[in-house]
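Chain naming follows the written order as A, B, C and D, and within any one chain the residues start at number 1.
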Amino acid sequence: MQKLTCAIVGASGYTGLDLTRLAARHPQLKLVALLSDRWAGEAAGDRLPLSGPSAGLRYGALSEASAVEAEVVFLATPPEVSVELVPRLIARGLRVVDLSGAFRLADKAAYPTWYGFQHAAPELLAEARYGLPELNRAALAGARLITNPGCYATATAMALAPLVKSGLVSPDGVAVAAMSGVSGAGRKASEEYSFCELDEDLRAYRLGRHQHVPEIEQTVKRYAGRCGPISFVPHLVPVRRGILATATLRLAEGVAVRALEEVYLAAYRDEPFVRVLPAGQVAVKDVARTNRVHLGVAVDARAGAAVAVAAIDNLVKGAAGQALQALNAAMGWDETSGLDLVGG
Amino acid sequence: MQKLTCAIVGASGYTGLDLTRLAARHPQLKLVALLSDRWAGEAAGDRLPLSGPSAGLRYGALSEASAVEAEVVFLATPPEVSVELVPRLIARGLRVVDLSGAFRLADKAAYPTWYGFQHAAPELLAEARYGLPELNRAALAGARLITNPGCYATATAMALAPLVKSGLVSPDGVAVAAMSGVSGAGRKASEEYSFCELDEDLRAYRLGRHQHVPEIEQTVKRYAGRCGPISFVPHLVPVRRGILATATLRLAEGVAVRALEEVYLAAYRDEPFVRVLPAGQVAVKDVARTNRVHLGVAVDARAGAAVAVAAIDNLVKGAAGQALQALNAAMGWDETSGLDLVGG
Amino acid sequence: MQKLTCAIVGASGYTGLDLTRLAARHPQLKLVALLSDRWAGEAAGDRLPLSGPSAGLRYGALSEASAVEAEVVFLATPPEVSVELVPRLIARGLRVVDLSGAFRLADKAAYPTWYGFQHAAPELLAEARYGLPELNRAALAGARLITNPGCYATATAMALAPLVKSGLVSPDGVAVAAMSGVSGAGRKASEEYSFCELDEDLRAYRLGRHQHVPEIEQTVKRYAGRCGPISFVPHLVPVRRGILATATLRLAEGVAVRALEEVYLAAYRDEPFVRVLPAGQVAVKDVARTNRVHLGVAVDARAGAAVAVAAIDNLVKGAAGQALQALNAAMGWDETSGLDLVGG
Amino acid sequence: MQKLTCAIVGASGYTGLDLTRLAARHPQLKLVALLSDRWAGEAAGDRLPLSGPSAGLRYGALSEASAVEAEVVFLATPPEVSVELVPRLIARGLRVVDLSGAFRLADKAAYPTWYGFQHAAPELLAEARYGLPELNRAALAGARLITNPGCYATATAMALAPLVKSGLVSPDGVAVAAMSGVSGAGRKASEEYSFCELDEDLRAYRLGRHQHVPEIEQTVKRYAGRCGPISFVPHLVPVRRGILATATLRLAEGVAVRALEEVYLAAYRDEPFVRVLPAGQVAVKDVARTNRVHLGVAVDARAGAAVAVAAIDNLVKGAAGQALQALNAAMGWDETSGLDLVGG
């Protein structure tokens, strides 16, 4: 079989690194270009444990991005960069998977508020397919432009969407507290993200203002038909990888935990990457370095609440792995292709 | 001045260790007994960086607890042990600070549900004074039996009580996600709490079932006059010390963040251990190894929510430090006595 | 091609877990049995991110080990268990890879000192082939009993052997300081290995008495023809995986660093798992979750010393990965088969 | 008693922060100035858990350093800055404690090699007193210019000096491997020191080239009368605070471990900050946030080696704490004044 040639733009960020690791071993992909100003001129095999031809690939400069030669281009770039590159690549007839938030929100009016810019290519928003196969598979077949979900949005929407759709919980008054490993902030040369500042620390940040909020609401609404405004509080915790999202929802009276678990089981029964567990057994360590999602739900009857918990690896199911999964779906390949990861 | 003699029962647990560190340097206390089966016979100075007479104290066996000779006895023991010891020590006329949960709940009927035992000394529940000075100072003067608050309960109740009392938020529908350092689980010889199992992991546990839940509700109700059932989800995160509690509350319409901050400032204006900060600046590292509480509040207007964040050191303000602060209050000493800690 | 059936005894320890992850994906192996008393009766797919038939395998009891049906048996058991099992399995004509130290030392007289037991099967010591392909490949072809090297021994012997053989450094007066991730101690239910005791701590242990010392000396001597007694100090550091070994050697006068690097390059030129780097660039994070060895050497001319540094993942190249590599060598398969790991 | 007024220059680095914490509580010191461009204008109490007048001190700009008004000035500045400031402050008759390496080496010819600059104030090198009281107490009485030891140098020299002096080990062929917490690198805004790059990693750096090497040799020679060139390899490990130094020395034949322990006990018998322990019990966690030094020594008879292990907190005994201890010695105060730290 002829392999699909692919390029990764922004290959030295943490997401770009995981994409490189995975794409290099994907049986239907042939990695032909890696762009990164940081490592321009170096061989990929000097930066990552690659073997075969990928190891010999040399990083090119980001300035080559719009002219890159490949059938599919992954953009692991900031939204401001993606919004410029995507139209040029699409215009050249290439397939694009954008891992930034630049095309995630269908409503162009939302970008100034949440991303701080007027969208420069609003005509492509309708074409962009949201790459969360478990909640949006039908839309992905044949997609030319895949907008890859955010890490918090993946974990949170997968936890919320089936429950809200079931009607057993309210679509209003949802409160989410989520924790992310530090790699979620990207590769940073800043005091704030230094080891000494973050080790042994816990803090909340961007309370109610994280750009994944409208993305979560859009995804839940698309899947469940409705979704109230969600209160979302992200936290920074001293781990390298992983997201744990804990959502508290208003529960209809008399609903037992088994009924909620059934909702998850029904929604995700055939999903190769999803496991439903007792909520107290959902743990980041079990999904780290895999494309898996672990989900659990508990009932707090006293408080009239359901509590849903989701764990993912922010760089895999929350970024690079999901990008490949969505491409697999778009191409009609086995969705697990290239994603049989050992974890550990 | 004559110093008050004091004993610590359960001196080798993490709370007992911090109590020992602090009591040994407290200007009004004289440490005269340390009980711990684990280290019975060893000198305290071989286990902790003590100097002076405390260093030479030898750990005695727990079986000596009820006959211990000291004017005040700190119990850093499990609730099942405390509930047996407290009546005997009180009967001998000693002052007692119990750091377990055995006397925290005023309603004896709550113990079977939350602590798994019928209370063996319910007649003492009315006498026990809840040792959270910032919310219950008046009751502490002269207290003979101080029941020291739980770590999660301290952080959460301090964040919630003034807001609920203000009427600017609803006493109902409160959702709390809290994270604790591993020392909160006590000194454990278990696979589950081994370094390899917890490092780089995140998980929720005891969802809606943590024994601090009724304690938080009781404290808020006592202070604010009302409190609905709270949904509380604790999480285990890979730090040694510290608690971060994030509470999402339903906000009355049109309330600005400044109004909520004013509530905190008014409630805690003269408190030497409390600082009110922007919510995104509340961080465990700034309170670690101090008796401080850092509090912040944000408004998520879209979601009609207020989000309150509190950080403490679970072993200091959440246990040993607060025990000394409450004793200071009971004795009429300067409440900061022995608690001028450097952190770091 | 017919796959070779394999069993893993001791499948729930950290080494057993990594073996399971890797064997389940090895193209020439078919996992048919997993033995572990801890998880007896559970499905492997409930403990590890497996897919396919391996996920459905149920853990059996350790008592079934000597009767296990498989063409090759991996023993991830303590030496006391391996020394009993190996003769029975070999007698049944099975191929065995023993990951314990039970058959690593050729001299039966060394076991009482270093392992604390009289060897119960000394007649098999001559048959056991030391499974470190880079230093002992020739002996592995067709091996029936492979004794898998220790983690510290792998890193240290690979760093030392070529240098000692070159004659540019002295075979005497070698001082090694090595650091290991906590998983090297195995799965432990002990206070000593709890998160709170190890996080943020550093310490040396078993100074000069670690059982890998005679193994290192035997390996260097076998490869280089000579080796003086090595001073070896292991350290425990707060990481989950990884070994860094730093060896200080007496350098012949006037030898430049380039000459030492050439020795490494010549020894390991065609080795797919070895990379030679500047000594300050050898880092555990680059080899974690791979079968790689990173090596570097520096010259400290003032002190007349060469300093060699090696990094491996203690559970992969230091245990499970190397076991598969050695089996690959024994079977005549591509040595990298099943070991193309992404790291991260 | 009149307190001595003191200033801290470079108050926002990790050493400067610990100095501020400690100086603010020192019974004979009155903190009157804190200089730091990073926080210029902010109140110290907004950055650190201070109380009393220190909390209200506002950070001034570094440009005010040479004109600062205080009886003693602590310089927590880079050597290039200290070498300029010290002559001006000394010329104004102030007492100075310099925590950089600018005045540590008595031989001006050593600076170009180890510090990269020609010394601009060589006339002060003879006046500078090396502030390691346990090894150099006599020289400190009345000192006007104290040059505070390096962190690695403190741990290593304290481990080596008495052993070398005893004649039981050789002054030649000493090999030291040391590990440092990340705060030893200072406050850094760099990718290299980011949480994601350092967490779970281990590596060696500056092999044989660390600027503390000549300082160690000078200290040992001054104390013991002799010292060969030492091979010193520092390592970076994922903890915030702490140094563990492991030194391998050539042991005279037949020397028992007890003889070496006696050497330590004799040398440090009356030292309030030193404890001699079995080498495997020397651990960073026991000295963290204290001014203590834990020392141990083991004999590796097979290898003809003694192995000495030392643990300190790099920011306390390795920097800020020792600076106060040395000042205490210079002023004739109790050497433990202001240093009764709780650790934890």
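Rule of thumb we're sticking to: a contact is a pair of C-beta atoms (placed from the backbone, for glycine too) under 8 Å apart; a residue touches a chain by one contact, two chains touch by 3 or more.
Not measured: the values here are computed from a predicted model.
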Exercise for the section: Pick out whichever of the two, B-C or C-D, is joined by more C-beta pairs in contact. Expected result: C-D
Completion exercise
Looking at Cα centroids only, farthest away from chain A lies chain D
Practice task
Could you tell me the distance, in whole angstrom, between the mean C-alpha positions of chain B and chain C?
Solution key: 46
Completion exercise
Note: chain D sits from chain C at a C-alpha centroid distance in Å of 38
Completion exercise
Multi-partner residues in chain C (2 or more other chains touched) are 197, 200, 238-240
Fill in the blank from the handout: So, in the complex, the side of chain B touching chain C is made of residues 14, 182-183, 187-191, 193-200, 238-240
Completion exercise
The residues of chain C that touch chain A in their complex are 17-18, 21-22, 25, 48-49, 51, 200, 272, 286-287, 289-290, 292, 315, 336, 340-344
Problem - Residues of chain D touching chain C in the complex - result: 173, 175, 177, 179, 197, 200-208, 213, 228-231, 233, 235, 237-242, 244, 246, 248, 250, 279-285, 288, 298-305, 307, 309, 311
